[in-house]
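To keep things clear, I will list the structure first and then write my remarks on it.
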Amino acid sequence: MSTTPQIIRTAHIEYRVTDLERARAFYVDTIGFVVTEATPDALYLRGLEDRNHHCLILRRADSPGIGHVAFQVRGAADLDILERLYQPTARYFQRVPAGTEHGIGEALRIQDQWGFPLEFFWESAKAPWMLQRYDQYHGFDVMRLDHVSFIVSEIDPAYQWYTNTLGFGCSEMTVTSDTPPIKWGAWLHRKQTSHDLALQIGVGTPMIHHASFISGSVPSLLRGLDVLGAQGYHRRVERGPGRHGTTNAFFLYLRDPDGNRLELFTGDYLLADPDWDPIIWSLEDEQRQTFWGADAPDSWFNEAMTVTDWQTGLPLPTTGSAVQTQPTYLNSRR
Amino acid sequence: MSTTPQIIRTAHIEYRVTDLERARAFYVDTIGFVVTEATPDALYLRGLEDRNHHCLILRRADSPGIGHVAFQVRGAADLDILERLYQPTARYFQRVPAGTEHGIGEALRIQDQWGFPLEFFWESAKAPWMLQRYDQYHGFDVMRLDHVSFIVSEIDPAYQWYTNTLGFGCSEMTVTSDTPPIKWGAWLHRKQTSHDLALQIGVGTPMIHHASFISGSVPSLLRGLDVLGAQGYHRRVERGPGRHGTTNAFFLYLRDPDGNRLELFTGDYLLADPDWDPIIWSLEDEQRQTFWGADAPDSWFNEAMTVTDWQTGLPLPTTGSAVQTQPTYLNSRR
Amino acid sequence: MSTTPQIIRTAHIEYRVTDLERARAFYVDTIGFVVTEATPDALYLRGLEDRNHHCLILRRADSPGIGHVAFQVRGAADLDILERLYQPTARYFQRVPAGTEHGIGEALRIQDQWGFPLEFFWESAKAPWMLQRYDQYHGFDVMRLDHVSFIVSEIDPAYQWYTNTLGFGCSEMTVTSDTPPIKWGAWLHRKQTSHDLALQIGVGTPMIHHASFISGSVPSLLRGLDVLGAQGYHRRVERGPGRHGTTNAFFLYLRDPDGNRLELFTGDYLLADPDWDPIIWSLEDEQRQTFWGADAPDSWFNEAMTVTDWQTGLPLPTTGSAVQTQPTYLNSRR
Amino acid sequence: MSTTPQIIRTAHIEYRVTDLERARAFYVDTIGFVVTEATPDALYLRGLEDRNHHCLILRRADSPGIGHVAFQVRGAADLDILERLYQPTARYFQRVPAGTEHGIGEALRIQDQWGFPLEFFWESAKAPWMLQRYDQYHGFDVMRLDHVSFIVSEIDPAYQWYTNTLGFGCSEMTVTSDTPPIKWGAWLHRKQTSHDLALQIGVGTPMIHHASFISGSVPSLLRGLDVLGAQGYHRRVERGPGRHGTTNAFFLYLRDPDGNRLELFTGDYLLADPDWDPIIWSLEDEQRQTFWGADAPDSWFNEAMTVTDWQTGLPLPTTGSAVQTQPTYLNSRR
């Protein structure tokens, strides 16, 4: 039988927030998420294009950071395959029954070999599709979760795991000018877009740099910025708007009231062809980061989000407080 | 002393509506006007860019149509000049004190030589500027009234009156291929855009073809269409969206629940230069109507709005039920 | 072994044109395709997002219409599977070696059971990716071929073939109000968007209603219209711009100088989830066709393109001159 | 007779460039200006909406900076009025006959009391209007010159001169939190938009911070950025894109290959009403600079362009090398 799981896409993420009402005002009233379910401890949010119960959980916690990242798989058999694959290396794994997480069927919870808290599931409760409810669009017209970005101390081991073992494809890569070149970042996908998962090199790990949500269009993203400004959230804008060289997408990075980072993202490309050759960017090409040339602020390079230990529910310690690292021959933030 | 009045711009228009609640749902909740004042008999609405009390009055009436069209002038002296100018020809005129119309200072009310109910004023109560309240934008992001379109049986007399006597400039014109050419339409302006007033030839007069309101941008106009569709108003779309050849603007024509016609309009041009030569379009140039080539529906040519008699408050009879007329050599709606 | 072929997506289409230079001026200079290869008899064109040799072939011919429609599959084994599947029913099939069509590897050519000329291949010569060559964007910023629309006399047999035998998914469907409902249209996909293939019911078959190409964005599509108008092609616009209810996409239909129909299309949705329930539209819902409510012209319903016989190279006769048909209780073009 | 000149608008500006071919590649091929006339020593450029001969002159020179700024007036009489007004204070003035500057009629050249090289004229040679030549749009779709920004050591004297003596209106103002407040910036207009001239306080004067040109729309401005990036000019982007709080416009600041600064600007507002009350912004309101909150780089505050001495043709010395200054209680670049 098959030994490669059928992973569909990155499906949802859980953010830890210290003030649920403040987070609701930011994510729902301003950013434009749709509320599927609200409990005293959590908000289950989806985008206008989502049919699943949620793509973002806001969980009340003592400190910010990431609760877990979830991937949807095709069926129950894929959970068995994943369990076998992770058994030798995962720091922790547990099969949980349907409903353990609101709206989600049976799931496999993993603290992977790098410490990242992952969840794999194949069934979700359904929620009304809002794509043509234009009268309810607001903020950034958030459509769905697109991808997450993991900080790892070296790219290759994680790259091999996700491509060879879990069946991800690689759309783009950044490499050093060493001989041979060293991978500095990798954009990996299961769904047919530029990516579901980005791997970025850094000294602080396990950490997650950002989760990225699709904004309906460039005009939607700019309207969201205007709404955000009108509501006095201008200090929440960390970087952008701009065009990434890698992925070609129009982007904006925000910090939520707890400091958690999220990206609004629109306009990358369809990647349906199995014979795709990854695009290779040199770290010395300033346009890989921002096609239009603006520097990113130091915080964007030096700060990321801690992840949660499935067993203790507490943030995992990291190998460094700052995540940024780059070859000594580079002194540009570009 | 000066004998030419200082007219600033077309400032507001009054629509007759038979169901004020139904009209409010359409104009405020869907189209995106802002409510300045509501009375049992009328709604006083403004756009996001307006500082005046209103640019649109919805007046409860037994039948649809236009109540009056108002022009703002620079000062009280301009009302005196206008009174002298209209005295010989106006069918009716009356000076009314401040407050006769909510939010409007002293005014001169005219039933002009063609039957159009006009109002001239120089002072308006002020209302908060909403241009940077992006969190309250909705529908078409209506900014302000831009222009109105009058149906007249021949262009030249009205053209001479508005340009020579009232000091309007002419931005564009359509003419027949007769020798000499006959004017078929004229775009006249006081403010520095393509027009405040369009004159169109027709058999049914006095009638007003449409009033046109500025939508914030092309994306705003398309978003308004999506909102309108989501709310089931798709039968209210009469023509467009499209690009006009004349004025170069992006346009949409709607019929309100009473059948009154309004245009949403964006992206014409600045016309600040006093030495502007009018653009002359041949009636045989299909692109004058729609730069992209689509025909307009018959209703757009055959139907217009009656106007109100200042004295009786009743609609004035018109010289014909249909307004459309064109040279026999033309058989295209383009 | 697997009996379901791994079809990737609709990959290219061949249009028959009677004047290659006139077609080049239209498709390359105005619409915005990129030329990969030009021969005395054909132009091989691609979009800005394409890496394959071509997504559109313009073939010199005595009459307009469609040469063939090509689907890309994962590998050579899929051609064998398809050959077995088509053998019992195809009117004609032939394996052709690499290079028989410029830039295309070995292929399976089929005249299917309905008469449609199909080509299946798995390898294409590669061409430079133009996605970030913004200085060469022009016209509609054409990205790639998205889908084709086939006219069939009844939906169900073709629907069963493409879903059950060839493994397509169904995103949306239109049905009559009969009991039980009769399928009137179906949107089928292999790649993760709303569709690769639309099936529409009609009396004239085998015919192809249109091929649809992705325009980079809504602003790109509107800019294309302005360029088209500036070059005097306004009579080539048949329908739109508008928003479809089905697929939610922003659309425009053009007729090329030979009368062949193409659609420019942007902004449908990602369809990655295997548990997607098709959206069912009633034929009586006017918004399925145009979310904003405008009628389509008669030509859009009554005219389509003939297809070519692989063996004779001549257009196949059709069962009727007009393609349009609808339940008698419908009298609307909406 | 009238003692207030009828100034129409800021009409053109002359930039000094050290390499005319390099400047042509930047301004014409990338930014999107239209060439009206080229001589060995200068390029005369206009925008798509211009009817005048030029809105930008690129003049070959030994050093970068500004040649002069020109205002168009209504007629010859206005030149006489201006001559009388400037006589007491201007450091230099000269009436020059038609044709002294290519395409420009008789003009009054002034080195004003602050050292700025000004030109007033009332007649320009005409050039074809390109607004509907969409097939020739490229880069940022530059429409026309909108405004210039002057650095002065204190606002009030220049403010009084331009408003009381030359008849400019004031749309917006920034002030300190001193008692009474001190003006820190002023936006002054003659045409009916937010401004023709901005006054900014600074230690280095006479200097010009930037000239601003209208980009056709927000999508045009973003497309221009993509074209600029595709051509490797990303290092020419100094600030933006973003939304200004003052004027509400969408902006981008570029440095040309000589280091001269230009702004691309779109979407401020119509200012037709004579009773407009200026919008007053506190210097402590971070959103006045960027509604979305991003800091401007130091260079934007510290660098500006020298101006040319009409008599010597050489750059005038300035009172300081850096222009930036701000109240000590402000330590933010916002």
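Lettered A, B, C and D in written order, each chain numbered from 1.
We adopt the following convention: a residue touches a chain if its C-beta (ideal position, glycine included) is under 8 Å from a C-beta of that chain, and two chains touch if they have at least 3 such contacts.
Remember, predicted model here, so these are calculated numbers, not experimental data.
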Give me the step distance from subunit B to subunit C, shortest route via touching chains only. 1
Farthest from subunit B by Cα centre, which chain is it? Let me know. A
Under the over-half criterion for shared residue numbers, do copies subunit C and subunit D use the same patch or different patches to meet? same
A-C versus A-B: which has more C-beta pairs touching? A-C
How many Å are there between the centre of subunit A and the centre of subunit D, using C-alpha atoms for each centre? 43
If you average the Cα atoms of subunit A and of subunit B to get two centres, how far apart are those centres in Å? 50
Can you compute the centre-to-centre distance for subunit A and subunit C, using the mean CA position of each chain? Integer Å is fine. 34
Listing for subunit B: what residues touch at least two other chains? 132, 217-219, 226, 229, 291
Provide the residue numbers of subunit D that touch subunit B in the complex, in ascending order. 8-9, 49, 51-52, 72, 74, 123, 129, 131-132, 143-144, 191-193, 217-219, 245, 248, 267, 269-270, 272-276, 279, 291
Quick one: in the complex, what on subunit C touches subunit D? 30, 132-137, 217, 219, 223, 226-227, 229-231
Could you pull out which subunit B residues touch subunit C in their complex? 218-219, 222, 225-226, 228-229, 233-237, 241-243, 250, 286-287, 290-294
